[in-house]
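The same chain A turns up in both complexes below, where it pairs with chain B and then with chain C.
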Partner chain A sequence: MQRPGHDRPTNRHLSRRTMLQGTVGGALGLARMGHATLSARAAAPASPRKKLLLLFLSGGASQLETFDPKPDSKYGGPFRSIATSLPGVQIGELLPHTAKIMHRLAVIRSVNTGETSHFRGHYLLQSGRKVPGYPVLGSAVAKMLERPDDLLPGYVTMRRHHPQAYTDVGDAGFLGPKYEGVMIIDGNPPANIARPEAINAATASARDGIRQRSDARFLKGRAPEAIKSYSDSYRKADALMRRQDIFDLEQESAADRERYGDHHFGRNCLLARRLLEAGVNCVKVAHHDWDAHFENFHWQRQRCLEFDRTFVTLLDDFQDRGLLDETLVVIMGEMGRTPRINYYGGRDHWGDAWSMAFAGCGIKPGVVLGKTNDLGTEVVDGQVDAGDLFNTILVAMKLDPTATWRLGGRENPVADPAASVIKEVLA
Partner chain B sequence: MEYTAQTIGPAATKLLREFEHEVPLMSCVIDPTGRWCFAGGRGRKIYLTDINTGLIESRHDHESWVVTSARWGTSDVSVISPAPELSPPPLPLPERPVRRIANPSHVVGTDETLSMVVTGDLVGRLICWDTLGDRPGVRWSIETGHGTLRTVAISNDGELVATGGGDGMVRLWSATDGLLARELAGHACPVFSAAFHPDGKHLLTGDRGDQKIKQWEYHAGKELCEFDAKDLSNYKGGTDINYGGVRDLAFTPDGAVMFCCGRDSYGRPGLVLQFDWKTGDQIRKQVSTFDSSIFHHVAFHPQGFFVTAGVGAQTGEIWFWKPDQDEKLASVKVTGPAYGMDLHPDGRHIAVAQMTGPRTYGNEGVVGLYEMPLIKT
Partner chain C sequence: MPCRALHPTTVLAMTAVVTLPIGRAEERLPEQIDRIIEAACQRDGTKVAATSDDAEFVRRLYLDLVGVVPTAEETKAFLEDSSCDKRSQLVDTLLDRPEFALQMARVFDAILIERRIATIPSYDVEGSRWRDWLAASFRQNKPWDDLVREMLAGDGTDETNGAAAKFYLVRDVEPHLVARDVGRLMLGTDLQCAQCHDDPRIEAYRQADYYGQYAFVSRLKHFRDDEKKLNFVAERAEGDVSFTSAFTGMEGKTNPQLPGSEMIADPPLVEDKEYKIKPEKGRMGVPSYSRRARLAEFLPRRETRGFSRNIANRIWAVMLGRGLVHPLDMHHPDNPPSHPELLQRLAERLEHTDYDIPRLLRDIALTRTYQRSSRLPCAGKESCVPDASRFAVAALRPLSPEQLGWSVLQVTGRLPSRIERAEREMKEEDASPADLRWQVHKKVYGDLQRELEPLFTVFSRLPGQPDNGFQPSVDQALFLLNSEQMIKFMNESVLLDRLSRLDKPDELADELYLAVLSRRPTDEERAEETELVKGACDQEQRHEVVRQIVWGQLLSAEFRLNH
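Up next, the complex of A and B:
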């Protein structure tokens, strides 16, 4: 249920207090539970570090209207398929720009997670696990790529304001709040992160000194990880306070803003590029409203056209700026949609046979892996699951999926050991 | 027996026959001669049914799902009314002319006898059919080039075809050759409905999102004003994705009252709003008891009642209303969700395009032909 006043403009911003509540308060809570002593066995890789951009099609995009069209089948839908830059490969006509860069992508048409719940699907796809408590990709990557001198948060997640946006599940799990994604809602910078005018720099610095001394005193005789988490969170909030310029999209030319598109997803993708360039290691951008139980074709068209242009603009920019060699771009949702079309012209939840795509570092471009049957109801070749995807993403980023998290004296594998790496899509 | 405009009894409407189709249907229109029913839905075919013989011919002229259609004919077109029984072999036109009650889509003043149907699909193919002769033929076929078509309407003089669709633009095309005549910009989201006012000067269009109906002086290309249809559910995003918007528009023959239909809100019944044409004020809101439904079509019958058809929870119904009464005149449950509806030009029959098949996922379709019986006076 939406809380009263939840949609007021002032509440759409993430305040410093809110951010710290989400991190520090949680950290202390976790410390009480004894979880704050976790660590990763794998150290951050030698430079240059890779980055991760997760474009999350929230609600579940229809594979039949995107990467696995079946235009002549009973369940194919109204749209045609079109040729792509990969000879012999066709995708849905709603992605005309993507069709021209298919030779730069690796597409998997054979994802079978069997999961049809939004919330479980979100967690499963981002953690590679069904068992709760594990960190999602952004948090895991933030932890694995972490360096002591990092200033900005390792993981930023962006979405639209909505009480049920389906995107905020799981997160850091047992890694603790230090690795939770910093939430950017509606593309707005975290509110109130600027130093109030009434407080000069010297006063602010003095206050911070008091805070640090207080921390040091509090640390005596207590679990250090909780205090460290608190300090790190404060330090990163302070870093964000000093980098409000990142959020100022007016610094981009009007032409560039137009290229990305005047909508949430376009603005968030532009902001994602700026955050990655500024040093954030992992950014998740949610593209909402794919959950088309009603009038799927009307809605998929709207979503696809918005996604298509922005995504290709983003990829072109990454290429031009040299970001693509160091950034893995992943397009996924929490599930696909039923091949069968319901009485409302909608497609419902489907986890048995759907598609996703990769681009960028560590990926073999121009690959289309897997196959579904003629109706699109089952995977008939190259089946992969969420664990395989999690493993593969880590390997593409030169991270070790066999590393472990140390939790309560036990070594817990970062990636599900039962899962495989999808070598076919790796460079 | 001679019947008059007062002798049709919609309350006793009954199914005359059903034409089974291989795909779920989403639109239908009966041509001005009354002989052909054009139906379309999933798949790329359009189905031409000879109403009297039951013979269905599928044509491949479209490239996607046919979801919208309209008809227009001159007043001298002879109308053939459905026979009580299917009657092969095909009846030549106009062997069974009946007296038409009235039809707003027929006008006087053209030297040439014309009978045409326009159909549109979800990738933007617009086809104009000539329905005189042994079987319908394509008059012209164009790729409108702007994506999804959701609605078509033909001007009262038969000169222009209006289209609306996914890009939010309203476009006017020459009915003679399919050339683009004018574009009307103003909708911020997809256009779902269009209707020409009987005065021959104005076009009304409704869209998905903001519950506003735009009035255009279409010859001048000017937007004049908006009707506020805020009682219709709008189309929300996120987890609130649902049906909404202004689904259809209609007028009384004198143009004094405009009707629009859609749904109340998610999980609520379909409804119809009436507007006073002169003042723009909403004058009545008629809410059905058709649970969790949306009315996709509304049509005014010259006898003085109007008809709506829609989709409920895997069901379909036709509703008959008096304009001045909140309660329905009658309702009829049809076989499946009713996405398309058209009044036969004889004034006595209704065609309803439906989805049928297994629960939840309909894979077949029917056109139901319903008869409104005559009442002895």
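Up next, the complex of A and C:
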């Protein structure tokens, strides 16, 4: 029998629906949409604008080796759990630095998305939807925060060059290519950002003069919108060429490069700091290779070793520089890993009961929400899904999740109207 | 010879004999189109723009029908042609050219594949094979209903039409995705929201409709022949569809059903006779009864709600830049067509001509509506920009990635010089002149395609997303300004060599504007070019100045847009 795979109502959903049915009866659907006619464009972002940093643990980190250890259970694995700065709360021993700043995080141990495909999981966790076509967090937030005089890109995304990077083009969904993240692959600046030697400065400027004069003439007597938005793309290209330095890590001190770590994730996190300070609103950094079907414990240790120090360095820096008050930091992947340990000492794909964490603006620090059972095979309290996370992220950033995208003649709710805001983790 | 202004179709009526039955004999379709559009404008007081000048028309028509701007010679020849029916002549000439089928293949590739890439790209039909199949289909003027039938019926095993299975394969043969896109692209209705609940916004889209459509394809899955490295669309003999509403908890069960049609019951399954070929490891099964075959049989028919209307609306959008129903996949009662009677006429026209797409394109190309200028009727005032849905002024439409790429190669001279060379080299081959022309163009466009891929990638809209209008992005601007590909195109430019050898400044300005912008320069522009070139004291400097001008014009909105 075929069933729509996403129909997995949580208690939270059921109670919400029951409540709605009780109040508006038959007009349920329409009433739910009633409040959502405000278009996202009209939702003026709070001033000053918040920023988003998404640290994406790609491949799926093991919740059991990170935020939800079960050292005494049959699935617990070889690592111990350790005390944290939050009295009574323990996390995996692979995150000793993180343990010391747990009082600054909000951790959710009860994520249930049911999704075990990397591709679908990447999309689901970033868009809060199963249905394809919606923009991911970075694109959606960049669009909601956009102001007409912005010159730098609203969203920058960093990953390595690898076929299994899982996300690629198409992240902006129906918002279109303008809201696609500027891609930093293997730390390289965006393509074609530097003027090549074959074009000298005089040529470039003469060429630009020809273009501008031509556009001014073409504009006369014609509808201006397309012509102006095209010239605008050159204005922004020019701004980006002038600010190439924001992608240049050489301009950061050797000490900082050392502190963040001489690896992909470390360098990208330092670059993220640089970009956010320069005025980019959303940055995503992918941390790869958590997908440990073989020798899980070796791999989780390797990954945690990189993640732990870099993450805490970054959070400390953001705090010291005043960035944390205006930046929401989200730590999640597309899934967790099975409690059961397979024949190869690996843990496999798992969506039913796993963990993620928040820090920064809008977040209530020192919260640990939700609970899994003793084996870690099921959520027993505080269950949330991807739609709830998406709603919550928007609210933490002072954005309106009930706004709608009014695009191409249709109204699309920015966040899934069937999902909820997780109030427990919000300040 | 002075030329009186005649309605293009009047000219057509005098010169051509139309033999096929047409909806209303007394009024031809182009006249109907203009009557409906102009009456609507008159009713709401919208001023319509003047008729395009010949230069506007020739560039627009080339881009729309053969996918590339005209060469300087072609433009000049058209501008200097004094015959009264030169516009309708050009329409017929272009429809007859080999590039027409190639352009239609690109247009329908974008419509049907929507720039998707299969999750595992090697588990799909190669893009070139698929486009070759489309081009061959348009070259033989395959009716749209046949084309759809072949796409839906194909499992990839057929020798001639195997490539048609790309429609399924590029979507990973994922039933939900396939069901949604069959609805969007072939019937004009997006049932995405109905997938999880009865969409509260669009009451006409019922969840049961969606699952009725889904039931046709729910048994499909991808089959890979690892030995031959080929991909097919397999189908199971069993599997039922039921659904639950996320909002109401209401449940339903359904068999295959197209919106507005009867539900199709399966024949009873006979044990041990479920499959014609039993699926085994390494062997694809073929069920005795195929729901997909039913989809291919029942969907592409005029009786299926939305089938004719959808394609009529899409063809209109190909020529006018916007659908009568817009967005194109949102046919529903709350989003009525801007001109309901017109959509009806276009759909009927297709039904009466066996879904003949070139014929409909021709009818549209001959209208005043298509031939309007992009200059506003009340120049200079932003407030007088009429709503796009009035079709009162020619839209400023971005060139598709392919139109842009091929036009760059046309302007810089690489494309025409390669065609000339291929014509010389292939002259000896044993083929009719028409076949030879087809072979030449297919080869040259095929050979040069790879050079343009980086440009196509940067300028493509996002996979699976409908065209949301013009969204110029920074990476596109950076590509045109700085990329090694653009440097190469300019370095290899035949045009620059030719232009920088022209001594007379006037001649240079004329040639340059004809080549790049498909028109003659104004006096102001001629003076500007002359001034720029005057500063160059030797051949090398002159070459550099010409390079700056050509490149600058390639960056201009006038070049980037189909106006």
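Simple rule for what comes next: the second predicted complex is superposed on the first by the 338 of 427 C-alpha atoms of A that agree within 3 Å, B and C clash if a C-alpha of one lies under 4 Å from a C-alpha of the other, contacts with A are read in each partner's own complex, and residues count from 1 in each chain.
Basically, a residue touches a chain if its C-beta (ideal position, glycine included) is under 8 Å from a C-beta of that chain, and two chains touch if they have at least 3 such contacts.
Predicted model, so just to flag it, every value in this text is computed and none were measured.
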Q. So, does A:295 touch the first partner chain B, the second partner chain C, both, or neither?
A. first
(Q) Let me test your reading of the model: by the given contact rule, A:244 touches which partner, first (chain B), second (chain C), both or neither? (A) neither
Q. Now for A:119: first (chain B), second (chain C), both, or neither, which partner does it touch?
A. second
Q) Taking the superposition as given, does A:182 touch the first partner, chain B, the second, chain C, both, or neither? A) second
Q | Which of chain B and chain C A:236 touches, first, second, both or neither | A | second
Q) Regarding the shared-chain residue A:208, is it in contact with chain B (first), chain C (second), both, or neither? A) second
**Q.** chain B versus chain C, judged by how many residues of chain A each one touches
**A.** C
(Q) For A:93 in the superposed arrangement: first (chain B), second (chain C), both or neither? (A) first
Q.
In the overlaid three-chain picture, which partner chain does A:218 touch, first (chain B) or second (chain C), both, or neither?
A. second
Q. So, does A:132 touch the first partner chain B, the second partner chain C, both, or neither?
A. second
(Q) Quick check on the complex: what are the chain C residues that touch chain A? (A) 119, 175, 177, 192-193, 195-201, 218, 239-244, 246-249, 326-327, 330, 335, 374-376, 379-380, 382, 385, 393, 396, 398, 460-466, 468-479, 481-484, 487, 491, 522, 524-525, 528, 544-545, 547-549, 551-553, 555-558, 560-561, 563
Q) Once bound in the complex, which stretches of chain A touch chain C? A) 1-4, 6-7, 9, 17, 28-30, 32-33, 119, 130-133, 153, 169-170, 172-178, 180, 182, 190-196, 198-199, 203-204, 206-211, 213-215, 217-227, 229-234, 236-237, 240-241, 407-411, 418
Q: Would you tell me which residues of chain B are touching chain A in their complex?
A: 24, 26, 42, 63-65, 67, 121-123, 147-148, 150, 166, 190, 237-239, 241-243, 311, 314, 336-337, 355, 360-363
Q) Hey, which residues of chain A end up touching chain B in the complex? A) 59, 74, 78-80, 93, 160, 162, 164-166, 288-289, 291-295, 297-299, 301-302, 305, 338, 340-345
